[in-house]
Structure formats: C-alpha cells, structure tokens
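Structures given as structure tokens follow.
Each of the next two complexes has chain A plus one other chain: chain B in the first, chain C in the second.
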Partner chain A sequence: MTAPFHRYTSRRGFQRRTESTIVWFFRFATYVILLCGVFIIGNICLKGLPAVTGAFRSLEQFPYVTNTFIFEAPESLYVFKHEGVKREMGDAEYRAFRETETARATAEGRPVPEFKASSYVYAAGGIWPCIVGTLLLVVGAMTIALLLGVASAIFLSEYARDGAFVRFIRLAILNLAGVPSIVFGLFGFAMFVLYFNWNVSLMAGWFTLAFMVLPVVITASEEALKAVPKGFREGSLALGATKWQTIRKNVLPYALPGILTSSILGIARVAGETAPIMFTAAYVVRDKLPWEVAKFSDFFFQGVMALPYHIYVVSSKIPQNAYTQRVQYGTAFVFLGLVALIAGSSILLRNKLRGRYQW
Partner chain B sequence: MENTSPASASSSRPLATPPRVARQDDTAALPTLIDVKGLDFYYGAKQALFDINIAIPDRRVTAFIGPSGCGKSTLLRCLNRMNDLIDGTAVKRGEIKIRDIDIYGPSVDPIELRKRVGMVFQKSNPFPKSIYENIIYGLRIQGVKSKTKLDEVVEKSLRGAALWDEVKDRLHESGLSLSGGQQQRLCIARTIAVAPEVILMDEPCSALDPIATAKVEELIHELKKQFTIIIVTHSMQQAARCSDRTAFFYMGKLIEFDETHNIFMNPKNPQTEAYVSGRFG
Partner chain C sequence: MPPESTTTSVVESSPPSFRIQKERTQLLGLTLDECIQGFFGGNALVAVIILGLITFFLFREGSGFFSQNRDNLSIYRLAGLEYVDLGRQPDKDHAALSRYLSDLRRRTYQYYMEEEGLSAKEAGGRLADFDVYADRFARASAPIRSQLMEWGEIANDIKARHLGNQNLAEKRRQLLAAGKTKEAAAVGILPVNFAVEVSAITATLPAYEEATATLARSLEELILAPPPLPTVELTARMARFQTLTRDFIASFPATLESMKKWDASVPVPLSQSFTAFIFGRQWLTASFWQDWYGATPLIAGSMLVSLIALALAIPLGVGAAIYVNQLASPLEQRLIKPAIEFISAIPSVVLGFFGIAVLGEFLRVASGWSFFAWIPGFPFAERLNALTAGCLLGLIAVPTIFTLAEDAINNVPRAFKEASYALGASRLQTIIRIIVPASLSGIVSAILLGLGRVIGETMVVLLCAGNRIAIPDFTAGLGVVTQPVHTMTGIIAQEMGEVEPGGIHYRALFVVGLLLFFIALLINYFAQKIVRKYKVSIG
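And then the complex of A and B:
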C-alpha cells in the first residue's frame, strides 16, 4: 500500500538536505568561534593564574597580605646555586641575601662565598607600574574623548544645520574610525611628542588614544541624542527654556546611558591598543611610580609603563627563557581582569542611569 | 519687565485687564488679545499660510478647524514662534501682535514669549521625571529655588488641571506612570505652572478616549476663566462643545472666522458649510 499522497506530503530529498546542511554550517561556525574564545581565555587563565595566586605574601602591618605580582614593580630574576641548593630570587632580595651571607661567612671566618648567578630581566617582581599606567591612560583618554566627543555630537545633532559641511564632517569622522591604530600612534608622535614638544608623556598618550576612540564616541553619542524623543525638546522649549537649558536638563541626561554604552567599547580599545602608545606614552621600564613627581605639572609630562606594552616587551623584546612565560601570561591575565573590571563597572553605572530614565 | 512671578497666574497679568464679558452670545464685542494681520508664512520656498487676518479674543476659547494640511498647526506654532526651530521658515509678510507688541519684532525674545504663550502638544509629552519635577520644570529653568513656593505651585497647577486628587499621593512617581489622559492633563498643568497668558493646544485629545477627552474639555471650560485658549481640533463636536469662536481654514487660507454657534449653524461660506456638515475634509 502506498502512503496517502496529498499536497502537504513531505518532500524528502534535495531541498531538505540543503536546509539541514546550511543550518549545520551556521551551527558549526558558531561552535568554532565559541571554541576559540574558550581556548584563548582558558589558556590565558590557566597559565596566568599561577603567577597571581603564587605571589601572595603575608605582611607585618595593616593589609597583612599582599600580592607581589600585582603590587610590585618588575625586577630581574637571579638564579644561582648556594651551598648546594638552587635558589631563585628577585633583584632586591638577591642583594640582601648576598650581603648577609657574606657577613655571616666573614663572622664565621669562612672564605667569602662566590655568587655565580644568571639573571633574567623582568622575570621577577610584578606589574604594578603597568597597572597604574594603564588605569591612568584609560581615565585620561576617556575623559578627553567623552568631553570632546559629546560636545561635538551635541553640536552636530542639536545645533548644526544639515548641509554639505555637516555631511562632510560626518564623513570625515566615519573615515577616522577606519584608520589603523599604528597610524594614530605615528600621528600622535609627530603632533604631540615632537611638534608640541610634550615628549613621551601621559598627555601625548591621552590625546592620541582619545583621537583614536573619538569617532566611536561621537557616532554613538549622536545616536543616543537622536533616540531622545523630539517631544521632550519641544515641550521644554515651549515652557520658555533656552536651547542649552533644554539640552542640559531634558536631553543629555536621557542620552547618557547610550553614550556610556558606547564608551564601554572605547574603554577596552583604549586599554588594549599598544600601537598608539608605543611612541607616545609608554616606557619599557620606569622605576618611579607616576605620583612620585617633583612638581604637579610633571605629572602630565611623564611617560608610564602600560600593560599591553609590557606584554609586547616581555614577549618579543627580551631573550625568551623558562622564566618569561610566567610574566607574559600573568600580565595578560591581569590585563583581561582589569578590562573586565572597568567595563563591568561602567555597565553597572549605565544600568543604574538607564533605570532612572525610561520612556 | 513686568512681574514674571510664575506662581500666580492672575498676578502676572497686567493690571488694566479689560472687564470680562459674561454673556456668551455677544462675543462680537470681545477685546482682542492676539491680532494677526496679513500673515504670509513660508516653509522654505513653500508658502503654508496666505494672508491670514484673525483677531483672537482675550480669555475665550478659539477653535481652529479644517482639513489636514490646511495650516492650523502652522498658524498655532507661529503664535509662540515654535516655527523658529525649523530651518528655513519665515514670516514673509504681515504681523502678529499680542497686546499690541509685534512678536516678530526685533526686540522680542522668543524665550520670553514662550513663557507667556504656552503650548500643549498633540502627543502628550511628559518628561521622564517625577510628576513633581514635571510641573516645576519651567520654574526650575527660571531659577526658582524656594521649596515652599515650588510646592505651592505644584498643588495649584495640579488643581488647576483637575489632576490633584488623582496624583496627590504619588507626586514623586514618574510622570510616565500616568494614564494617557492624565499625562495630557499633566502637560496642561506643567504649562499653567509658568503662568502664561495664552495656552495653545494642538489636537490635545486626539490620542485620548472619550472619557479622558471629556475631562480635558471640562478643564478647558475652567481654564478659560484665566487663560486665552486656542485649540486645534479635528472633532467638530469638540469645537462646538468647548469653543466660543471657531476659525475654519482651507489650503493655508482663513475661510471663515465667527462665533462657534454661527460657524456650525449658519455658516456664511459654502466651503465652511460643506466642511462642517461633513461633505469633505
């Protein structure tokens, strides 16, 4: 007996197979991406976590515990044999050890021991100056980018008349978004470091990074401003408010969550890019922390260490050996955590603002 | 500058207010507040109003009716210069005088004008702030800080807009938590809080159900004791119910302006007659 044939009989065959092949391809693509993500993050966590967890030390006074990887500056690592035991020590510790051992030997009348250590740069200590430097770069660059970006977005969407000129500006901004970060780095170097004579400094880095994220901030701020209903502006103006009063009291507060959303994307970029800062703000190594300056104005004109640049340095600018991996992955791990932390707090702030105004 | 104290609608009025005419049917003798003479208005190259002449009486309700696109909103927005906000608009000829001051004159600041000529929009637009903040928005802008004064104005305006009893326990909830009709009355309350002389209403009930509409109409009846009201409406019944005078516009021209009673019962112009009897538009 044949199955009943009607116009909704299922048609097996070619059409169906293509459908399921295509779905499987989409599924496969998604899983591949997921897998890559998990692998990258997992790899960094797995190899980086020990650098952090293995660096907790107890303290005599208040916080009672510290983490040498996070809160200390990078040092050279000294590896040597002493009285038959292999030891690994950071620079400062090694010097102290050598002194006490020498003193002890002299007191006991033994011959002064010989120290034959091999040293490995940056393999000991931590990355505190890099964390501080990156935080400073992010805060300064985002402040400048938001001030300039929101101001020009307000001008473009609230004040400027739509014409050839405004369209040209928008086009220029769009194009700016496509410029590679290394080009911003070179621009910043030529403009701020050389022409303005700011040298390699926070200021130069701030402005270079700010210019890099400005297109994102402007475009997204304009979108956020446009999303505020026209009725709020008209209602405010009809009550006798000036244009600026209207924008300040009745447009900008509602656009702020949207603007922050865009700047969250900007934060990750500002924190993460190496190219824009390598000529403008980043030092390979710097002993002093940024607040250890002679006078206040020096603060803005000092170079800093930064996390992405440190990763670059420890993975390609120093001799590779058994001890470098700890720093490389440890830095990457802390870096990921820091970006997640900053982005997370901006998301919290945004959600709080968003809850306040809704229409 | 005269007293701009926004709290009290009546005290901000010039002292020499003409006496009120109590009877409804002798409106022909009403004192004029807004005098429009020979007005030509353009959106860029497109002329939207042609030679408009209309004298709007003080403390009465004037209704603008006419088919869609005939220029009712345009004329209304000329009266508080909201059209200034649109690029390329211009009054090319004629003048609008409010109490003998040409509002398009060089010495007039549109910001000051809008404090005196308030506007309620078709789509109710409470700000996403608390009811309280909505009402005091205009005063905050003017720099009024005194808490007692603000409280006083909030109560007075909400009572004036027949909304006080419904919201007095939830003044600090969002204005958007109100129903559509309440939102529109909130917008009216917000407008009267700055003590204007004139309230312009552009289809204030077009998004409301019949009960909310009835409430707003009642309110208009109350408000005309204190304010001059101009209302644009697509509902003949509404114009007939709540206005004293009605202006009929067609294709950017004022076709007929008369007592509402006459416009509906005894129109002089055949176009008006055709429109009010529902034969076109």
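And then the complex of A and C:
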C-alpha cells in the first residue's frame, strides 16, 4: 500500500519524465566536456611523463642531478644494430660510439664494422632551447603588453568621460580581440619582419604577441581598476592630491594584484599561440642558445626555438612511431604543464584575492 | 621660465597673505596633469592604431594581388593556354566516362565474385569482352590527345619565353638603376609576338576538328554494341553510360564553336581577377601549366570545419551553461566553471597534436564499427579529415560559448524566474520558456563569438584537417564531413614560409588573410549588435 497522493503533489507523469530526461541531457553535456578535457590532458600526461622522469641523470659537480630531456638541445636519434644488439643513440653519442668501435676493430685486426642506422630527426636529446625561447617570448611580450595595456586601462577607467571617442576606442579593443591569430602573424611578418627589416627575431615576435594579447590585458586591467572603491579616489582628491597623485598612490597599488593575476591568463595565451610566431620569431632549429651572441644588440634580433612551434614541427614533419613518440608526447607534456601552471596559478590567485579585498 | 598665466599675475598685484593655489609646472601650455592625461589617452589609442596598422599592412601587401593576377590571367589568354584548355574539355570528359566504365567493371566483378561465387580467374574471364570494349573506348581519344599535347608544348613555350623576357627586362632595369648602361644594353630581349605565335595553334584547328570527328565516329560505333552484363541493374548502368556518351558527342560542336570564337586580343578585365579569386574553384600553385588562385575551396573548407565544430559545440556549450547556472549544486558550480575555463587554456597546437596522435586514428577505427555503419561516408580511410579537425575545434569553441552563454543566463533578472515559479511553472518550464528566451540574444552572440574563434583557429586545422585543396563533395550528403579539406588559416600557415615576398603567391596569401580579417570583424559586429539589442529587451 502506498500512501495516497495529496492532491497538490505533482504526480510522476509524462511531464516529470521528460523533465528529468532533459535535465539529464544538460548534465550529460557538461560532463562530456569535462571528460574530453580530462581525457586529453590525461593521455598527454600519461604518455609524456616517462619522457621527463626517465631522463634524470646524476652529475659529478654541483647540482648533482640533471634532466637530459629538459636541459639539453634536440638531436637526431639513430637506431641501429651492432653486434646483434639493438641500440638507440643521440647524434653526438652515435658518432663517438662509431669512432671507438672502428678504432677497436682496427686495433683487433677485425674488418671495420658497418653501421646501418635509421635516423629520426629531433627524436633524441631534449627541448631546452625551446623552453628558453618560449620564456623569453612570454616575458618580452607581456612587458610590452602590460605597459601599453595598463596605461590604456588607466585612461579608460580614470580619465575618460563616456563619449564618442571612448566608444570608438572600446569598439577597437573589442574588434582587436576577435582578430584571428594567424592574421596577427601575417601583420607581424609584413610590418616587423619585412618593412622594419627586423628579420625573424625576438623583437618581431614580442611586438606581434603583445599586440595580440593587448585586448585581454586592457580588459583585465580596467576591471581591476574599476574594482577599487570610489571612496579611495574621493578621499585622496578631497585632501588636495592631484588626479595623478591619486591614481599613483591610492588606486594603482590596490589594483595591481588584480591586474597581474588577470593578466596571467594573457600569459597563458601568449605562451600557447603558435600561428603569430611561425613567421615572426620561431626557428625550426637553432644550435646556439639565445644568450650566446656576439653583440648585445644581436640578442633582440635573433630568432629562437619555441615550444609550441617545436610541437608543430615534431608532430607534422616527422613520422609517428615508437622512437619519435618520446619527443612528441614529452614536448606536449612539458608545454601543457607550463601553460597549466600559469593558468592554474592565475585561477588560484584570483580566488584568493577575491577573498582578501573586501571593501 | 614658464609663461605666467593671467590669474597668478592678478593675485600677485595685491600682496597675498594666503595663496590657495600652488604654482603649477607647465609644459607647452599644459599643466602636468593634463600632460599625464594626454599620455594615457595616447596609450588608449594604441588599440585603434594597431587595428589601423593591421588593415594598412594587409592592404599594402595584398592590394597588388589583383593586378598581378590579371597579368597572370592575361598571359594565360595571350599565350594560348586558355585556348588549349578549351580544347582539353572533351579529353577530360572522355576520361570521366572511362572512369565510369571502370567503375562498372568493378561492380560487375564484385557481382561475379560475391553473388555467383566465381573465382578471380573465372570472373576475369567473363569480363574479357568488357575489358576489350573498355580498352577500345579509352584509346578512342588518342588523336585529340596527341593534338592537345602538341598545342600544350607550343603554348607553354610561348609562356616560358614571355616570362623569361620579363625577367630580362627586370634585370635590365636593375642594371640601369645601378648605372651600368653598357651591360644593360647587352641584355638582349627578343619580344614575343603573341598573335603570330598563337596562330601556330589556331591554324591547326581543322586538324583538331578532324580528330574530334574521328573520336565521335569511333564512340558512336562503340555505343551501338555494348558488352552484355549479367544483371538488370548493371545493364541499366550501361544504358546510362550510352546516354552520357551520346551527350558527350553532342557537346563537340559547342566546344568547337567556343574555340572558333576565342580571341586572344580580348583584354582581361580587372573584375575578372576579383571573380577568379572569390569564385575560382582551384588553388593551384607552382604548376608547370597555369597557376590558379581561387579561394572557394579554402572558404568551403573553413565553413565545413566550422559547421562541424559548431554542431558539436552549441548543444554542449549551451547545455552546460544552462546546467551550471540553473540546475547544478553550488559545489558543482564551483568546480565546473574553473575546469571549463582551464580547458580553454589548453593550447591549440597541443590539441592538434592530440588529433594527429590519438583522435584521428580513433575516429578511423570507430568508423569501421558496424554500430556506425548507417552513417553515410563511414567507414573512412583518411585519418585526418574535416571531422577530426571539427571535433577538436568544437572543444575549442565550447569554453567560449559556455562562458559567454553562462554570463548571459546569469544576467536574466531574478524576478523573471521568481514570477515564473509563482505562476506554477516547473523548473524546466521556467528554463525553457523564460530563462532561455530572455537570454537568447546573449546566447546567440556567444555562439557567434565561438564561430569567430573557430574560423580563426590555425594550428588544429593545419595539423588535422588533411590539407587537401579541393572543394568538398557536398553531393555525398552527410558523408562530406569525412573528406580531407584545406582552410583559409591553414593555407596561410602552410605556404607563407615558402613564398617569395612580393610575388603573386605571397600577395594571394595576404588577400586570404584580409578576407579572414573582414570575416572576423563582421562576426564581431553582428555579435555586438545582437548584444546591444538584448540590453534593450530586458530594459
């Protein structure tokens, strides 16, 4: 016996069932997205982690431990059979091995051994130049973008009166945010690389990336400035400070943490984009590290290797097989880790700051 | 010394006991504060300036394309390449008919093997007559083919000499500019007289006419006695083949007519250079015959990939936004929102790599499962195609759509919801009849911005879309999604590194970039317009 329905209770009928079906659809959509994200990240982490953890080597001198995948330059991988043993070696090691084996064979009076190696370009060694290049690109681009963006945001939030001029600027910022990244790449190539004749260089990459991320920085900074209560400004002005003194002493210090944390999302974007640096700053391969330059000024006008571009190169220009998998997944993993670190810290910081500033 | 303003001099005329106003530093008649304001205002203009610079440089590099393409098309006409291509049409049609025959042979072979259970050798023996027939059919076009070959060589030679002359003229110009008059005079240029040279081709039209007549005769003879085929269905196909061949023969006079009417001296208008770009069906570069810069395959590819992405991203993104904002528990809300934001931080090149390494192969294998056999185009053999790229682009569009749609839903006043509940509507009725309509314009603009994100995305399509420059075959129905395509963004990224700055190919890529730029602006414009309307409706 079930209790009789009260006459105001809704009954389990057709409507109820459709309702719960549709609710389940919405829930399903949400979790499908999350699952996709988790699967992609999990896949790359699982297959990429061994490339990093398997590359720790002990050292004789100070740091005593190093990671060949992170701290070495890319090399070609040689796979060959020698005396019945299958070996995989990086470029330098392979050459040394060949020489010693040849020397040994001649000393023992045996015929010189033949080496038939199949080579896989970029598949050995590490990705140190790419990490360095990416960091340099990010630091330079974000410096430029923050200088321009914060100044721009100060004008929009502190000085500007609503009018045609400001509306025009806001429209430009909105539109700039929608411009595809490859168009920024084309623009940077035409203006910096060819017209200014900077060639493929850090400078060209910095400006291209800075211009691309500018709308993000401006919007984030403006929000942070707007979050500072009006009373702070009014109090300062009432005490006789000028507008600039007010902004410098009483607005910017309180807005700065907000500006920086929100701009970290911009950093993630700068680090993650490939298309704008393809023709402006990135080299497929470069032997020298960025600080190995003859003149100081050369530093700014040299191309660099970059992680995202390296991923593009190793995933499209070399075949997919067991030997190349290490560098492909390893690079993707390190890169994803770097971006996740940046994005995660921004989300954490923001949540923390939201709690701290309660005026 | 700074110029003194009138107010200070007035104050100074009577000895001040109390000065409230500090003397301000002035620069070019502006106070320091005004200077600072000017500095920040100037910085705010940066966005405007950058937008202007992008437009300027894209136009600067791209604008030369249309005149260069016009030259390109002019040479095509002047050197007689266009004439030869007119003559090639019957040969191409004939090749298509031959393919129809070989398809018919494959079907018949399959029938013998599967339905009658014959061995490969027996089936081949039964098809011996058919093979002889197909062979005769294929050989029938030999006379016009040899004629076309001859013409092609002449036309190519004219073009090559003309281009060589252009190079020499450029060399002479450079020498003159360097002041080396003697060397410049030594550069001998033998001008090409197009009218005379091309007449070598047009004069042999009677021979070509003769060849088509021979072709027509031999084909008519062939279609009268087709080889017998085992089933009704296959015989019907053969009958269809006969009609097609008759149509083909009937098209000869029109071809010859157009060749007779062809006139090399008709100039190529500049408008044709535009239409050849926008509506051109071929993007063919570094070809030994003729380069074509037609953007249709690229635009179609971009559209196809974006449509697939949106078809996946709209239900997922909007559904998730509704769920998180209206139905989820507070804990879910707190966890899901940052998680989806986090997905948006996955770099697109990593997603592209994932597509190459995992998703492409997975989709190819999955398409072979009998469970999916009903879907047209399944199973497919290409690992990288529009579907692979579309799925990943969908994942890129989801966070954009989700975040903006969630904002829009969040902006619906609480009173709407409460009023709906008070009237006795259920939770779902409130969502579907009240919340979604009230935030619809925000959702639509979120979808538009998602589209903008997808169209402009480069790395995923470059890595995963298959990069085949051809208009997708939309007659395949839904199966079109399994074809490899090339996109506007992909072609720029792929070819920009290999072209010579200033050349026609370089400029063509900039025009594609310009097109992309304007598409992005247009999408943005509509998204903003819809949002503005939405503000009014809630009032």
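Everything below uses one rule, namely that the second predicted complex is superposed on the first by the 330 of 359 C-alpha atoms of A that agree within 3 Å, B and C clash if a C-alpha of one lies under 4 Å from a C-alpha of the other, contacts with A are read in each partner's own complex, and residues count from 1 in each chain.
Keep in mind that, in the parts below, contacts are C-beta pairs under 8 Å (C-beta built on N, C-alpha and C of every residue); 3 or more make two chains touch, one makes a residue touch a chain.
Just so it is clear, the structure is predicted and the values come from calculations on it, not from any experiment.
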{"item": "First, second, both or neither for A:32, with chain B first and chain C second", "value": "second"}
{"item": "First, second, both or neither for A:156, with chain B first and chain C second", "value": "second"}
{"item": "Partner chain(s) touched by A:194 [first = chain B, second = chain C, both, neither]", "value": "second"}
{"item": "Which of chain B and chain C A:132 touches, first, second, both or neither", "value": "neither"}
{"item": "First (chain B), second (chain C), both or neither touched by A:308", "value": "second"}
{"item": "Contacts of A:271 with chain B and chain C, given as first, second, both or neither", "value": "second"}
{"item": "Contacts of A:242 with chain B and chain C, given as first, second, both or neither", "value": "both"}
{"item": "Chain A: partner with more touched residues, chain B or chain C", "value": "C"}
{"item": "Contacts of A:148 with chain B and chain C, given as first, second, both or neither", "value": "second"}
{"item": "Chain A positions touched by chain B in one structure and by chain C in the second", "value": "242"}
{"item": "Footprint of chain B on chain A - complex, ascending", "value": "161-162, 229, 231-232, 234-242, 245, 249-250, 254, 357-359"}
{"item": "Sites on chain C touched by chain A in the complex", "value": "32-33, 36-37, 39-41, 43-48, 50-51, 53-54, 57-58, 60-61, 315-317, 319-320, 322-324, 327-328, 336, 338-343, 345-354, 356-358, 395, 398, 402, 426-428, 432, 449, 452, 455-459, 462-463, 489, 492-493, 496-497, 501, 509-510, 513, 516-517, 520-521, 523-524, 528"}
{"item": "Contact footprint of chain A on chain B as seen in their complex", "value": "80, 82, 85, 87, 111-112, 114-115, 118-119, 121, 123, 125, 127-129, 137-138, 140-142, 174, 176, 187, 190-191, 194"}
{"item": "Residues of chain A defined as touching chain C within the complex", "value": "10, 15, 18-19, 22-23, 25-30, 32-34, 36-37, 40-41, 43-44, 148, 151-152, 154-156, 158-160, 168-169, 171-187, 189-191, 194-195, 211, 214-215, 218, 242-244, 265, 268, 271-275, 278-279, 308, 311-312, 315-316, 320, 328-329, 332, 335-336, 339-340, 342-344, 347"}
